[in-house]
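Here it is, the structure, as structure tokens.
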Amino acid sequence: METAIVSKSIQERFPDAIVETKPEWICLKKEIFTPVLQFLKTGHLAFINLHCITAVDRQGSVEVVYHLYSFEHKWMLTIKVILLDSDLTIDSLTSLWSAANWLEREVFDLFGVKFTGHPDLRRILNPDTWSEHPLRKDFKRDGFIPRPVR
Amino acid sequence: MIGFVTSYIPLLLKGLAVLGFIALSAMFLIWLERKISAKIQNRLGPMMTGPHGAFQSVADTVKLLLKENIMPTGADTTIWWLAPFFVTVPAVVAFLCMPFGSHFIVHDLNVGILFICSITSISVIGVFMAGWGSNNKYSLLGGMRSAAQIVSYEVPLLLSVLVVIMESGTLSMQGIVRAQELGWFFLKPNVFIAFVIYLISATAETNRVPFDIPEAESELVAGYHTEYSGMKFAMFFVAEYTNLFIVSAVAATLFLGGWLGPFRPSMFWFLLKAYTIIAFLMWIRWTLPRVRMDQMMGFAWKFLVPVSLVNVLVTGWLLVVKG
Amino acid sequence: MDYEELIINMGPQHPSTHGVLYLELKLDGEIVVDCRPNIGYLHRSIEKIAENRTFVQFMPFTDRLDYLASMNNNLGFCLTMEKLLQIEAPARAQYLRVIMAELNRVASHLFAVSTFAQDLGAYATPLFYALRDREKIVQIFDQICGQRLTYNYMRIGGVSADIPVGVDQLIRDFIIYERQMMAEYDDLLTNNVIFRARSKMIGVLSKESAIDHGVTGPNLRASGFKWDLRKDEPYLMYDQFDFNVPVGKNGDSWDRYNVRMLEIMESLKIIEQALNGLPEGDPVAKINKAYRPTGEIYVRTENPRGELGFYVVGDGNPFPYRLKIRAPSFSNLSVLTSLIRGLNISDAVCVLGSLDVVMGEIDR
Amino acid sequence: MAVNERIPGSEYLEKFPGGEVILAKSQDVFNWAKGASLWPLTFGLACCAIEMMTTGASHFDIDRFGSGVFRASPRQCDVMIIAGTICVKMQDSIKRLYDQMPEPKYVIAMGNCAISGGIFYHDSYSVVKGAEAVGIPVDVYVAGCPPRPENLLNGIIKLQEKIRSTKARVT
């Protein structure tokens, strides 16, 4: 079970959905992102388990990374979506997997990515009174003592 | 006038003696509970204060005396302040007709057992006042739970006591004990069932595991006495252990023949039997998990009450047939 | 007659929230109408710290994630880095890792089972029995790596120190001792009528809802889904050991408890086989401080609480560019609200105890 | 400071001959009682909480020193053992708990995180650097990450000695 097989089957259904295919991950377009995941979950590939959602701040854009797992084929798929710093919004997956609820709240809390359609998008780890998003590379806050690197 | 006054002196002295006994027994029971729980969990328990932690309870009481007395804001002051007394005073007054020995009794009322059962059920008002007065959600829940629990376990308790009264024919405690001179009551099968029912509802009366729902550690933080600190909390503590002693003493008197024993010092037998029952109740406290609210109520109304009613019926039939 | 629900705060400091978890319960009398868990009270920003530590320096932080199963966390991070850097640990080190991970699983399950019993009201006695057995494991770890709770024992490419002489005999004695002790728990808890009455058919978690919420580990197996990474996606050399995966029938709190008890027996079997097959050789890792990996990787291991995932992104610097820790308790806890709606408080506490969550890895 | 107390009514002391002696004797008994029955608040935050429970368990048995009664409500506790990392979101709850405790109260900061933030001192935006930073006067510091149970027992003994040696301010 290779990423190529998955990307080929996506290609058939959604011709212009894939931005880039790498042996480890597939990068999708933001616009038609939910239908592709809907197909991945309910289609013959049966990715019924959303294992983890996280994000990587690439200083200019934020990469939202989804890890899906299929028990039938015993294969872990990594899907990425690139969001520019200008509009950090993407539609939420809580309708497909309930696991996404808390995982998306955490990404919102630490990166500031807004998930449209999320039932209860508020901070999960940090106090609600905070405005900064800590895991961004340009994060500044008083009381934050960086370690002196030798 | 003088005669009237002097006739009260012996009663006063006996009362003081009993008060001293209550204070000492409460402290001893607290120490005993910590030692028994330590034994069950194969550890040592208090060791540093005196030989085997003998003065541990003294240290606890003195420390609780020194604690600051905090009144929670918004608490219903009079109810909150009165609650510990409503719990402690009935526990102390119930010792009025407790037959410690053939001659060691403050006053042998001829309605002894009825008096004790009615007095000890006043303490539920105190628990409920504590729950309501402390203006704390956990205490409120604890208070309501305890009211439901004690009411539903009062019925099987009294029915099992009724069986003993039918057997002995008298309400006075000394009378019950003397009626057991031929053979202890719990040897009779129907009275043995009453004894088992009595023990179960007694654990519920004194809020001990498996029925310690009002002060459920893991759910309601500390139940109805969450908001009490210092001496008021100590009064709840002492009242709980005094109730435990009362319940075991009444069980010893009603079912195990009170102070009846082969050789002379009758008080020794009474205390021996009471403390064996206490040790049994403490053993249960440290092994069983807690029952849920509705299971506890269901168990009382659906099982204990019918069984004790049938028991009373059978005892009555036996007495009538045997004459 | 309108009534207004009682909102009760099972606040950050509560005897049965297993750490600092804050549940806002909306009650109708004693019945839980709605529950809103708030977490973050132990958020120590480990992922931000990871971006300023080299890969070797990050190892102690993995101990403090799920502080009841530090060895398994170490193992997870080591396997991730070894796969990213294409390093192969010596055979003896792999065997030692299996032994340590399984011993820590036994210790963690013992703790989980007894705090569950404590939540049901058996105050302190089962907890102290379990801690007495766990003390023996902790002393074995103490002799191996000098620490009782946060071991920092494994390194990328091996382990920090070989097992001292005589400790494997200690482990064998412990296995024999533990098998006898398990019978004690059976009559204290498993066959206890009140314990069964309090936990049977409470908080039933269906297989579909579990997979949907991302629940993994014993909680998923209790719902009847036979899925264990050690068996289905074998890492290290778990495929060489024979052990079976206990599965529950109806996914209630009692099944989650029972699955953990059976897993303890399975882990003891694994430890025994690993000890017998312990090869010779030098397990100590040759630490090369200047690991500068590029690329990214996502590796999962079977922790006592579920599947722990490490997502590491390296960009050629000695520090990771991004390090995401996928905590099993995080998703396990997210299922709590749907389970306890409609139960009363005592059962809500029972379900929370049976899910066995550790706040250290939820809040990271 | 959390430890010194003012004895009510101590201003009449000088009028009684040998007042000082009487007070000294009773003060010793009070201090002995306060030290011998330190009831800790069940207050585990992180990894140190596991070591605190192990100290309470059978092998190390904190009950030998009279402080085995772990009360859940702050009203009935004397010593608050802060066992674990104090986070930003948790700090005002800790302060409120400390204020809810009745007066002769003591604090043991268990573990490096409670003392100074420990290994989370650098690069962490959400950890408060120690119990003092929350504004809680600490009586005994127990170092270690997590400190061994014997270390915590030693902390309890140190606290008992500190209580016994306190001279109430006779002012």
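As written, the chain order gives the labels A, B, C and D, with residue 1 at the start of each chain.
Methods note: a contact is a pair of C-beta atoms (placed from the backbone, for glycine too) under 8 Å apart; a residue touches a chain by one contact, two chains touch by 3 or more.
Model, not experiment: these values are computed from the prediction.
Engineer: Computing the C-alpha centre of each chain, which chain sits at the greatest distance from chain A?
Structural biologist: Result for max centroid distance from chain A is chain B.
Engineer: Considering C-D alongside B-C, which chain pair is linked by more C-beta pairs in contact?
Structural biologist: By number of C-beta pairs in contact, C-D is the larger.
Engineer: Distance-wise, how many Å sit between the C-alpha centres of chain A and chain D, to the nearest whole number?
Structural biologist: Going by mean C-alpha positions, chain A sits 46 Å from chain D.
Engineer: Approximately how many whole Å separate the CA-defined centres of chain C and chain D?
Structural biologist: Averaging C-alpha atoms per chain gives centres 31 Å apart.
Engineer: List the centre-to-centre spacing of chain A and chain C in whole Å, with centres computed as mean CA coordinates.
Structural biologist: 26
Engineer: Of all the residues in chain C, which ones touch at least 2 other chains?
Structural biologist: Those would be 14-15, 40, 43, 45, 48, 52-53, 128, 132, 363.
Engineer: At least two other chains touched by the same residue of chain D: list those residues.
Structural biologist: In chain D, 57-59, 72, 88-89, 122-126 touch at least two other chains.
Engineer: Among all residues of chain A, which ones touch two or more of the remaining chains?
Structural biologist: 125-127, 134, 139, 146-147
Engineer: Counting only chain pairs that touch, give me the topology of the graph as line, ring, star, complete or other.
Structural biologist: Its topology fits none of the listed shapes; call it other.
Engineer: Run through the chains and report each pair that touches.
Structural biologist: Taking the chains two at a time, the touching pairs are A-C, A-D, B-C, B-D, C-D.
Engineer: Please output the residues of chain C touching chain D within their complex, sorted ascending.
Structural biologist: 11-15, 19-20, 40-45, 48-49, 51-53, 60-61, 63-64, 67-68, 111, 127-128, 131-132, 134-135, 138, 148-150, 359-360, 363
Engineer: For chain C, which residues count as touching chain A in their complex?
Structural biologist: 39-40, 43, 45, 47-48, 52-53, 209, 211-214, 227, 232-233, 295-298, 300, 307, 309, 311, 313, 321-322, 324, 326, 330-331, 334, 338, 363-364
Engineer: Where on chain D does chain B make contact in their complex?
Structural biologist: Residue positions touching the partner: 29-30, 32-34, 36-37, 57-59, 61, 63-66, 68, 71-73, 75-76, 78, 100, 102-104.
Engineer: Please name which positions on chain D make contact with chain A in the complex.
Structural biologist: Going through chain D, the ones touching chain A are 88-89, 121-126.
Engineer: Name, in rising order, each residue of chain B that touches chain C in their complex.
Structural biologist: 37, 40-43, 137-138, 141, 209-210, 212-213, 216-221, 286-295
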